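When the chains are written out, they are named A, B, C and D in that same order, and each has its own residue count from 1.
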Amino acid sequence: MNAIKDAVHDYVEVDGVVQDLLDTAAMQRLRYVKQLSTVRLVYPSASHTRFEHSLGVYHLARQALTHLGVEGARAEAVRAAALLHDVGHGPYGHQTERIIERHLGRHHDDVHHLFEDSELAAVLESHGLAPEVVANLIAGEGKLGQLVSGDLDVDRMDYLVRDAHHTGVPYGTVDPGRLVRVLRFVDDALVLEEGNVATAESLLVARALMNATVYRHHVSRIAGSMLERASETLLEETDLTAERFARMTDADLLSALRECQPTTDFAARLAERRLYKRAAWAELEAVPEWLLEADHDEVRELEDDVADRADVDSRSVVVDCPGRPSMPETETRVVVGGSVRRLHEQSPLVQGLQAAQRAQWRLGVYAPEADLEAVERAVSSVLALE
Amino acid sequence: MNAIKDAVHDYVEVDGVVQDLLDTAAMQRLRYVKQLSTVRLVYPSASHTRFEHSLGVYHLARQALTHLGVEGARAEAVRAAALLHDVGHGPYGHQTERIIERHLGRHHDDVHHLFEDSELAAVLESHGLAPEVVANLIAGEGKLGQLVSGDLDVDRMDYLVRDAHHTGVPYGTVDPGRLVRVLRFVDDALVLEEGNVATAESLLVARALMNATVYRHHVSRIAGSMLERASETLLEETDLTAERFARMTDADLLSALRECQPTTDFAARLAERRLYKRAAWAELEAVPEWLLEADHDEVRELEDDVADRADVDSRSVVVDCPGRPSMPETETRVVVGGSVRRLHEQSPLVQGLQAAQRAQWRLGVYAPEADLEAVERAVSSVLALE
Amino acid sequence: MNAIKDAVHDYVEVDGVVQDLLDTAAMQRLRYVKQLSTVRLVYPSASHTRFEHSLGVYHLARQALTHLGVEGARAEAVRAAALLHDVGHGPYGHQTERIIERHLGRHHDDVHHLFEDSELAAVLESHGLAPEVVANLIAGEGKLGQLVSGDLDVDRMDYLVRDAHHTGVPYGTVDPGRLVRVLRFVDDALVLEEGNVATAESLLVARALMNATVYRHHVSRIAGSMLERASETLLEETDLTAERFARMTDADLLSALRECQPTTDFAARLAERRLYKRAAWAELEAVPEWLLEADHDEVRELEDDVADRADVDSRSVVVDCPGRPSMPETETRVVVGGSVRRLHEQSPLVQGLQAAQRAQWRLGVYAPEADLEAVERAVSSVLALE
Amino acid sequence: MNAIKDAVHDYVEVDGVVQDLLDTAAMQRLRYVKQLSTVRLVYPSASHTRFEHSLGVYHLARQALTHLGVEGARAEAVRAAALLHDVGHGPYGHQTERIIERHLGRHHDDVHHLFEDSELAAVLESHGLAPEVVANLIAGEGKLGQLVSGDLDVDRMDYLVRDAHHTGVPYGTVDPGRLVRVLRFVDDALVLEEGNVATAESLLVARALMNATVYRHHVSRIAGSMLERASETLLEETDLTAERFARMTDADLLSALRECQPTTDFAARLAERRLYKRAAWAELEAVPEWLLEADHDEVRELEDDVADRADVDSRSVVVDCPGRPSMPETETRVVVGGSVRRLHEQSPLVQGLQAAQRAQWRLGVYAPEADLEAVERAVSSVLALE
């Protein structure tokens, strides 16, 4: 039994299939993909990686399985899935998620393609595990898949405390030691046992406060949007395939952007933190309905419109329109008075959090400092923002 | 300049009047009054004292004053008030608050009586501070009094992080370093500057989660109610004056209870953690309106009624009816879009928290294990609880 | 399985005999005995108790046993012994150790007398454990006793990190998670497996730095010596038996001192932190040989001599002469190159630490501020100190 | 006044020249140079950067200057130097230090060349600071230079706690809050004031334990040596200049190694953590004297000799011979009994630490797994190791 020192969970014990999976190229690549992409431009201590996070997720899965009394090959498959749950992420993680979905039609937790005839598949099979089964668990399918991806998954339990530890922001502090102890299966649904409404609420609350303070900090959103925009250009202007793009590391992407003439300016701006500024920062009610439903092409058209009207280069306008606010954890199941209830039925806090999330939602439009005033006027008139 | 090592704020620098106040008997007494009274029967690590907390509150006041640019004698008075803000507490802090209010007609933050002709007054005067002024600050009066006692006081900023550190429960983690930096005065009202809605929310959220998990844990409430009930008996059955009672330490009180025949059983039960159990644990809607408005005598009558009907000793029934839920911090002022708003106007989360607080509210009725069933039946019938 | 939240080890799982032992009066008493006695007069956050520490020691024993593969009744006995290892401590722990040894002829880890016909014995027997066996483990006897009391015991692993957490002093940070993983038995001796010389050194180093900074801080030593001196007087002047004395809590002792006329002054000084000052603070080489070998009566005679010569009350002179420096952990066994070696054979650091300990050693003589100069002169001349 | 959240020091306040220096390309580059180079192959959480560390060093310098009472332009120059102290580091920090010294004849703290006619110089001058003066401070020159680089510099105070925080290894925990408070100048020498022998010892002790456990972990040394060897080849085989090499980021270097045919294997092995193994791991006494004095060419010859004799490719043998052990901090000055003494005169611990350092010293010779046995035999015979 090998034990790896972790800054969050102290010692993570690895053995069996997990020990062998750690040595695969697909897992080692996650050492070069940061957990919080552009957040570290705001919180300098946040340089932690998806490799470290994956170890943490595996560790919590292992603990949860022990407390749930799940053993044998089924447990081993879940542990493997927990460790591998992020191998499908592209460079800069969530920041390139939409590009990859658009080009390749798959979400980061769809990893079946990575498991066919690969080193990963060979390792899994050598331990008697079917790659297909592990891929399904990563996609959150089946009873045990809920542990890996779902309202009460160990992914979120790890990232909230880990991001708090590495940013220094104290809001992400859920209690994983308690969470892994109070999970239960009732009719194949994963629930929190009696007496844990506050435990369930803490997960939502931590995420809401971390969203406001860390994950959706405007500086990080600006850098992320610039990166996304530059990545699209890269895919358009070079012969880089989307499949190759999806397997890059953070540094690979920055380096490719630097070497592609139409994106060198973006690359230099990101490397030296000379970011665009906010030309618009609009609340949900101020944004026209059509924009909330707009697809990628429509957003690009809007960017071109605004650029035209402002008489600036089209790369000088970046529109950052997040999806409509949603909060899937409100469906979390908790046992109250002996029967299973959804958290939103039980906790009046949930509606408050949903409303707070809507209140925090912002449309961003970003531009270089030199073009800021022109773009500000143009976007106001195009979108009829006040 | 002397610097005291603190487990939460690292080094607390003391000088001037604060250095001299530390050495007074009134402050040293706080070394013997625990911050969380009976909570440590649930969370064994929570043995920290009001002395330690008072140092922390002073430290945050000092920092806030620096960031607010308040200097000179006015600042020194606030620092003194911050350090002294808890000298009015009786033994076991909040647990004996209602007894002291009933007998002496004053709240723990009314400390004028302690400041007359006392060692404290002498120290304050020797530094050119009027005891009256400091006492008023402790009562939260005036512009600067808001820092010591109010919606945005440094008291709460300290206790939330300190209680989290010492219990090990991760929910109390507000960000004092940020809070002391973003305080502002607008028209003499203490507010949080622009961009701090989440900062304000974190204070409420932390308290809500700590309430549910720590401060109002049922085991701590049972022990606290037993202590309160025994203290009343002590005051009735002995010639101990309420003034003397109010100046006791935790250990003084336990010792007095042990030596007073009618309360020895309570004392032994508390010392050995053989606590009463819950004969009732009722939600807000289930409780008759009159009970929510009942005064001390009416509650005692109810206890006697239930004891009669259950045919047990009247000391075998302890009714623990908290006041109606309230959440004063919802009035916290934050600057949003350049104008000062109340948090509840701005944050939909606040209503959620208020509703959650109502949902968590419980009436408790406690009895020794041997009498539990009888009391359970009696209380159900007397209060018509379902 | 019950899990108790702990500020240091997160969750401590309790079941079996340990669950039942927790509820005994002997264990509950440890809630009222502080881990660091008078240290909290220097480090205000250090109010933690031997109850909390005992839970931590049990927790580490449990982990170590798992990693060592020890199971069944033998493991249960060790877990019980770990939890109970401090029940023999008197009020203020180590501070009254010498008094109890002198009067009752037993060390705090000799608990056989507490285990005869007692609630503890009944609980142990109800779980099929022989009290005698558990008492022997607490005394460090036998192969498994080394885990409870010895060079590599879990006691020290817990207190070093716990005292660091609660004082805020960062020097006590050994790595218990690693230590419990690298323990091995070789020929019935407890050793650290290959590659752990630095792990073993860290235990000594942490203790050396914590000694210098925390455990032997002169303010704590002064208060402790006053307490010891007052306790002796209490036993002489009242009919309190040594057996009863040994079972007191910290508060019981303070209260008894307050009520005994010849010690009221000591009690008030301790309660209000008006401590004696140093009339002498001498290095090891400056101290006459006979004093290092002196027994209690000889030290009392010295105090009287000095008081006579200084013309002050004999209670105004307190001599605090620690034993000769010793460092038993230097015998710690580590595996190096496949064979077991003693740490002092392997690590040149050990000699350095021993020398440092000798260099830090101090004889203290303390007196009230008013008598300080007279006592200073008297002690210099009696002991011929320079 | 801007405040940046830091995971170690909470809030770091930036203003004046420091605010402007943060935005320079030279400082932003440090976001892409890891603090612990290859250590993260052992401790996955250790992904923190020299940018984050530089902020921490600046923060401690700022605090130390305040406590020392240094103000005005001299203080501003020291703050700038503290922030910039690492801009001279090449990719992977210390790992490429010797290469850069060999090729460019300068140490990483010689930054005069970076300060001529550069963005950095312009920013410094715009705040009235002479670049030359700041460069001298970084080199540790002059009275105030001791704060930036010397036995008691703030560099080490930051990295020990930061590396502990991010690796999770608890041994690096010095007390920066105390250190910055007890610094004094005596006759222009930086010293620790009276009563701080243990404080000074803690710095050495922390470094000794971190060396053994983290900084010189054999896995990290192997990866580092492979990287160094590959970097030399890169400089020999391509037209990359040493100046350009010295300005690379970690990712730039990995990418260059990948694209240079003779180093692609090294690059892939590092990226996928398929490292060489130890063919030799010899103690100081076992190593021939000449090897300890050998220059780079002689070490390369040795590698070729061993490769010849083992009949393997010359890139399959990597010799890692650290310099003779040294411990400059033993010269640290502390005030004892009113006069300034060197720590090694005062603390017997120092000799223990020096001896321990010699005992931990190891020569490493590394080879791919396939060649391991052959290289092991060859190196034993060439070096006459037992």
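Here is the rule we use: a residue touches a chain if its C-beta (ideal position, glycine included) is under 8 Å from a C-beta of that chain, and two chains touch if they have at least 3 such contacts.
Please read all numbers here as calculations on a predicted model, not as lab measurements.
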item: Chain pair showing more contacts of the two, A-C and C-D; value: C-D
item: Chain at maximum distance from subunit A, centres defined as averaged CA atoms; value: C
item: Separation of subunit A from subunit D, taking each centre as the mean of its C-alpha atoms, in whole Å; value: 34
item: Centroid spacing, where centroids are CA-atom means, of subunit A and subunit C in whole angstrom; value: 50
item: Interchain centroid distance [CA atoms averaged], subunit C/subunit D, Å; value: 40
item: Touching two or more other chains - residue numbers and ranges from subunit C; value: 5, 10, 169
item: Contact footprint of subunit D on subunit B as seen in their complex; value: 3, 5, 10-11, 177-178, 181
item: Residue ranges of subunit D touching subunit A (in the complex, touch as defined); value: 4-8, 10, 23, 25, 28-29, 31-32, 34, 40, 43-49, 51-52, 55, 165-169, 249-252, 254-255, 271-274
item: In the complex, subunit B residues that touch subunit A; value: 161, 169-171, 173-175, 197-198, 201-202, 205, 208-209, 212-213, 346-353, 355-356, 358-360
